[in-house]
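Read the structure below first, then the notes.
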Amino acid sequence: MTTSDFLEHAAAATLDPARPPAVRLSGVCKTFGGADAVPVLDEIDLQVAAGELLCVLGASGCGKSTLLNLIAGLDRPSAGQISVDGGHAALMFQESALFPWLTAAGNVELALRLRKVAKAERREQARRLLSLVRLDGAADKRVHELSGGMRQRVAMARALAQNSAVLLMDEPFAALDAITRDVLHEELVSLWEGNAREGRPLAIVFVTHNVREAVRLGQRVVLLSSRPGRVAREWSVDLPQPRRIEDAAVAGLAAEITGELRREISRHA
Amino acid sequence: MPDETPRIPAQRDLATLEAGLDALETARSTRAEPLRRLLRILLPPLLAAAALLGLWNLLVLARIKPGWVLPGPGDVYDALVADWTRYGIGDALLGSISRAVIGFGASVLLGTLIGLAAAGSRTLRSAVAPLLSGLQNLPSVAWVPIAIMWFGITPATIYTVMLLGAVPSVVIGLIDGIDQVPPIYRKVGGNLGARGLVLVRRVLLPAALPAYVSGLKQGWAFSWRSLMAAELIAVSPTLGPGIGQTLELARENQDMALAFATVLLILGLGVLVNVLGFAPVERGLRHRRGLERA
Amino acid sequence: AQMEPASAVPAATGSGTAAASLRLGYFANLTHSTPIAGLAEGFYRARLGSTKLSTVVFADGPDEMTALLSGQLDAAYVGPSSALSAYSASHGTGLEIVAGAETGGAELVVAPGIRTVADLRGKTLADPQLGNTQDIALRSWLLQQGIHTTLQGTGEVDVEPSGNPTTLSLLRTGRIAGAWVPEPWASRLVIDGGGHVLVDERTLWPQGRFATTVLVVRSDYLAAHPQTVRELIAGQIAANAWITANPARAEQVVEGRIAELSGVRLEPAVLSRAWSEQSVTNDPIASSLRTELQHAVAVGLSTSSTSISGIYDLSALDDALSAAGRPAAGADGLGTP
Amino acid sequence: MPDETPRIPAQRDLATLEAGLDALETARSTRAEPLRRLLRILLPPLLAAAALLGLWNLLVLARIKPGWVLPGPGDVYDALVADWTRYGIGDALLGSISRAVIGFGASVLLGTLIGLAAAGSRTLRSAVAPLLSGLQNLPSVAWVPIAIMWFGITPATIYTVMLLGAVPSVVIGLIDGIDQVPPIYRKVGGNLGARGLVLVRRVLLPAALPAYVSGLKQGWAFSWRSLMAAELIAVSPTLGPGIGQTLELARENQDMALAFATVLLILGLGVLVNVLGFAPVERGLRHRRGLERA
Amino acid sequence: MTTSDFLEHAAAATLDPARPPAVRLSGVCKTFGGADAVPVLDEIDLQVAAGELLCVLGASGCGKSTLLNLIAGLDRPSAGQISVDGGHAALMFQESALFPWLTAAGNVELALRLRKVAKAERREQARRLLSLVRLDGAADKRVHELSGGMRQRVAMARALAQNSAVLLMDEPFAALDAITRDVLHEELVSLWEGNAREGRPLAIVFVTHNVREAVRLGQRVVLLSSRPGRVAREWSVDLPQPRRIEDAAVAGLAAEITGELRREISRHA
């Protein structure tokens, strides 16, 4: 199976012609000002189908967070066009970026409040979301009383509370131990599948450094090159869910991708 | 606190008295010990006040100035007791405090509204901020003729002078606070769907709260000082008594003991407002955000 | 008034209506004993009838004149120099002096070491504020003694315009050689400050009379309600008559009211000395204002262009005086044409 | 800016004029366009000033008060031109400015030293902060008689009054700023080996800088106002002229045009100090820390 | 080989009787105040030998960061004793915690300046350290211009600049892609070995969530339990350096540890 086969297949597997793509980037460039302005992202063309789970890999500093920021509308591209179905994408930030004046539950409830969820329901939903990320006991803790991993999980609960059709996650599980991470993989996939079943497809763009995690989760994996960030390659992951991170097939594809990543990085080193 | 440090040897060389005091203050009182906490809060300023009192007494005892120029603490106390009913100091104090509360309340309200409007737009902010800073420079006496012109000698005059003194300060505190909010919070808020006033109310304001409270403290000082200036303009039954007039009276009478007593009352009031008003709020804010140092 | 407006038309012709209200300003100060006693003893209210009288006690002339010019006051007792400032600031249209109230009560009090004028050279003297009545008096007196001053202060004698309370402490701490101040500060400088009188200003004026306090009325109020102004002046005449007839009682009443209004309690010695240094009058002593202006021009505090003609409108006063069977006061050519 | 947004369609619905203006301001000027930048900085306050001028003119034209009570912009300009040499306004302005610079400089120095001492110890801080806040409440007029007794009418009196007005503000700004420093920076600094003054100099002070500059702004306002108060009361040949005296002169002469002119001069000076002094510093600080909003 | 064998061995392999242990914790407890005060760390006895490379694993929120904070002296234990050889341990914080008012190089130089390194040398050393973490081009960037992984690397350079005999690292590579991480593993081990050769043994306590990373790097791996945090088990890693993260032996031990970690976590779930 060649790479182009993968691509063909990916397109077929994920694009539902009845729905517009969840995210569409065409010719997106981003250059940060300054004397030594080098383009960070260069001519990115990328589509995320409605309900697709796309993983993005790339070297440190290649522009992954920048890409998500652009999709979320927090920054404007230097050139190119971006459109998001429904106009809004929920973003789980790389630094958990919780509001320090609120408790863990308060952070989640704020997301619900801003969606105009009624008060009683807010409390209930926040409890449920915190329980999903295994933080039942930490609802009333202030941000500074949470460990790094706990903060990330609260941030995930907050992002889920936004209930957007597009969810952008920036290294959401980087601070989690293997086991908790495993649990949350399962929860994320089952949530995603649940949404699909209920006809509210949830498109997820999942940025990670863990190649196996990408293969464990994604329907498609995109590898960004660095300086400038371009789509170097993409793989369609044809393995059936539920997958496990220890699966040989996962490890195999991960090894291939790692090799490619190594080549990408050494090209610039 | 002894139960907190039973088995720790004095391994750090910084185990000075001061570090100990610091630890005393920062150690969490797991079980509420309100008396002890109150003491911990009140003790340092009280000690400082006592030290100043001692210094003052020393200066007086050294007789570097005659008694009518530099009265001693005893003289001042006597003056306070003797003049309390004679000059209606209690009423004057009450009058000033009620004006201060109303004027400051109005300043906070108005200042916050203007500040919030300015917070929403950077253009508005850069247009308004320098003017407000300029306004802050104007002494209250500059406003007195204008206020008299418009309102005559009425409470409105006093409040106008106070507002013109305090509002810029509140607005600037708020603007500065909001300008210093880490942009990530603004981004998160925006992504969560907060826009315009909701963003301000749910994200920017809470994020800027510590700086805002700082601004309010300065605003309070400005309004109190403007009030004193305004109280000197006129005596009128419609205005009622004020401590600013008492101060002026002491000056007119060349009554240094009364002047010192009045100054100490104003000072004490300021300290009280700070210790019982702003300080707990600030401490609470810092505590809840984990800004207290360990 | 000399400068037109329709509002300043036929003053005090006996026509016009009684005003519904009269807002009167004054100071809680010994030089304002006319309004203090007059109000305390009800002389004004007795004459004003249905006109509702309200009063505001001011702490300083400029603020009082601001209130008057901007229509927040209708009439005010004030020093002639403040009245003059307001008059020229309003280009002669804002107010009229309609009566006098107080005369006398200003002295140059000096420290014990000062015996003669010559002793003053190279020393510092204080007065209440730059350009006020006492400042002009001090500078022109010095000039007549051949001593030059400058507005910046640095002349053969330095003039420091300090506030009256400050002046007292400066004299007590030996930082000034003396001060030209009004009552009761002159008496306080003598009694509390250990000074003695070098010049009593009364000795510099014909018959020892010069205006200390006058009654001013806003021009448009005067035009609209000359009758009310006449009654106001009639109240004053009655008050002054009472003060002159019962000096001891008046002294007590005035002292008591000052203490009530401002809290300032004068020592009995200061009070009785100050009281004797001044007297009430209905005559605005118009000539003293003209002379003062000449003095001001001479010491460089004013330009000769300053016009004061028309500042007096004494018709109401004369009406009231003749009604009381007294001789009319003269405007010394400064009356309304 | 056109080269920044050539291919972006108007896809966001927030593309209002204001957002456009905001973008204009925040867009980085890669190549220096000093004139344009200056314009961008000066334009909003100038527009605001113009608007106020317009409003004022309207009020004057409406003739709600006679011209000598509420002078128009033209009258004020005439007064300024006519009185400039007559009353030596230029000298007065220079005198006040030089005093303000010296007094404020001394306040900053002293305030910073006290603030740094207090920053090092929480006990000292909680002892000193309420007293300083109390001091802030005291109107300058309360200090003038006391200062005159100690120093006579000399520059020392003026500077004392200024220091008493401004130092507390600077100290409080610094203390508040340092209290709001995220404790992680203190921890990192400590771990890197910074202790005592070095910690303060290398970590706490830079971290608290934005709040400190805010405090300085308020301190400037306080010192300027205190200066005006002192200049009104302490008048003496040895002191030289000051704009506070000019203001008082205008007030005594009922010369509203001159009073307005003086007020506008003081205001304009404040705005200038802000626009050319504090604002660029604050902007630079925010910029370097990435606090500018995108 | 039983667990106790491992322990025996570990002690023999790492403790040099000539040198005092780099870090010694005995009976250390830590409870955070508050109404629901549950002990976070409970009776921790742990020694780190001079020059030892110890990896610490544990579930999210089990108290790893708390432990490092205590060793670094940033917080005081509720009970127990801690001693650090030389009195000072350099700490690389979990959140990179760079000073935003300084550039990347400025942050590193500050650490050198506080060690009283002369100015000219400071610049040179900072350049070298940034190059070690592969950030040659980013020296003059401000913190907000760095990506998450770049910030972590600057923080690592800063921690190394402290040149302390004890280095505490809190999930230092969590935000790095697999390849950059690999490179830094090698750099870290060679630096550590270099120090040992030069007779300035560097003790490293390395907290991570990546079990393989722990096995790849550590001479000894300690597993903390959660609520309360105790030393659940420890393994001596007998594999020779240079190891590679893909080595089968590494994977094998990692699998064993992961199993134990899973058991630990499920005990509390």
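To keep things simple, chains are lettered A, B, C, D and E as they appear, and every chain counts its residues starting from 1.
One rule holds in what follows: contacts are C-beta pairs under 8 Å (C-beta built on N, C-alpha and C of every residue); 3 or more make two chains touch, one makes a residue touch a chain.
Bear in mind the structure is a predicted one, so any value in this text is a computation, not a measurement.
Peer 1: Using the contact definition stated above, find the chains touching both chain B and chain C.
Peer 2: D
Peer 1: On a CA-centroid basis, which chain has its centre farthest from chain E's?
Peer 2: C
Peer 1: Approximately how many whole Å separate the CA-defined centres of chain C and chain E?
Peer 2: Here the centre of chain E sits 86 Å away from the centre of chain C.
Peer 1: Per the centroid of Cα atoms for each chain, what is the distance between chain B and chain E, given in Å?
Peer 2: The mean C-alpha positions of chain B and chain E differ by 47 Å.
Peer 1: Which whole number of Å gives the spacing of the CA centres of chain B and chain D?
Peer 2: Computed value for the inter-centroid distance: 19 Å.
Peer 1: Among all residues of chain E, which ones touch two or more of the remaining chains?
Peer 2: Only 34, 73-74, 95, 145 qualify.
Peer 1: Which chain B residues sit where two or more other chains touch them?
Peer 2: 69, 145, 149, 187, 232, 248, 251, 290, 294, in rising order.
Peer 1: For chain C, write out the residues touching at least two other chains, lowest number first.
Peer 2: 62, 66, 70, 165, 169, 173
Peer 1: Could you please specify the touching residues of chain E with respect to chain D in the complex?
Peer 2: Residues of chain E touching chain D: 69, 72-74, 88, 90-91, 93, 95, 97, 99-102, 110-111, 113-115, 142-145, 158, 162.
Peer 1: For the complex, which residues does chain D have touching chain C?
Peer 2: Interface residues on chain D, with respect to chain C: 65-66, 68-69, 144-145, 148-149, 152-153, 233-238, 240-241, 245, 248-249, 251-256.
Peer 1: Can you list the chain B residues touching chain A in their complex?
Peer 2: Going by the criterion above, the answer is residues 184-185, 187-188, 190-194, 198, 202-203, 206-207, 209, 288-290.
Peer 1: Quick check: in the complex, which residue numbers of chain E touch chain A?
Peer 2: 32, 34, 57-61, 64-65, 94-95, 134, 138, 145-150, 153, 170-171, 174-181, 209-211, 258, 261-262, 265, 269
Peer 1: Considering only the defined contacts, which chain D positions touch chain B in the complex?
Peer 2: 18, 21-22, 25-26, 41, 44-45, 47-49, 52, 65, 69-70, 121-124, 126-131, 133-142, 145-146, 149-150, 169, 172-173, 176, 179-183, 186-187, 195, 210-211, 214-215, 217-218, 220-222, 224-225, 228-229, 232, 244, 247-248, 251, 256, 259, 262-263, 266-271, 273-275, 278-279, 282, 286, 290-294
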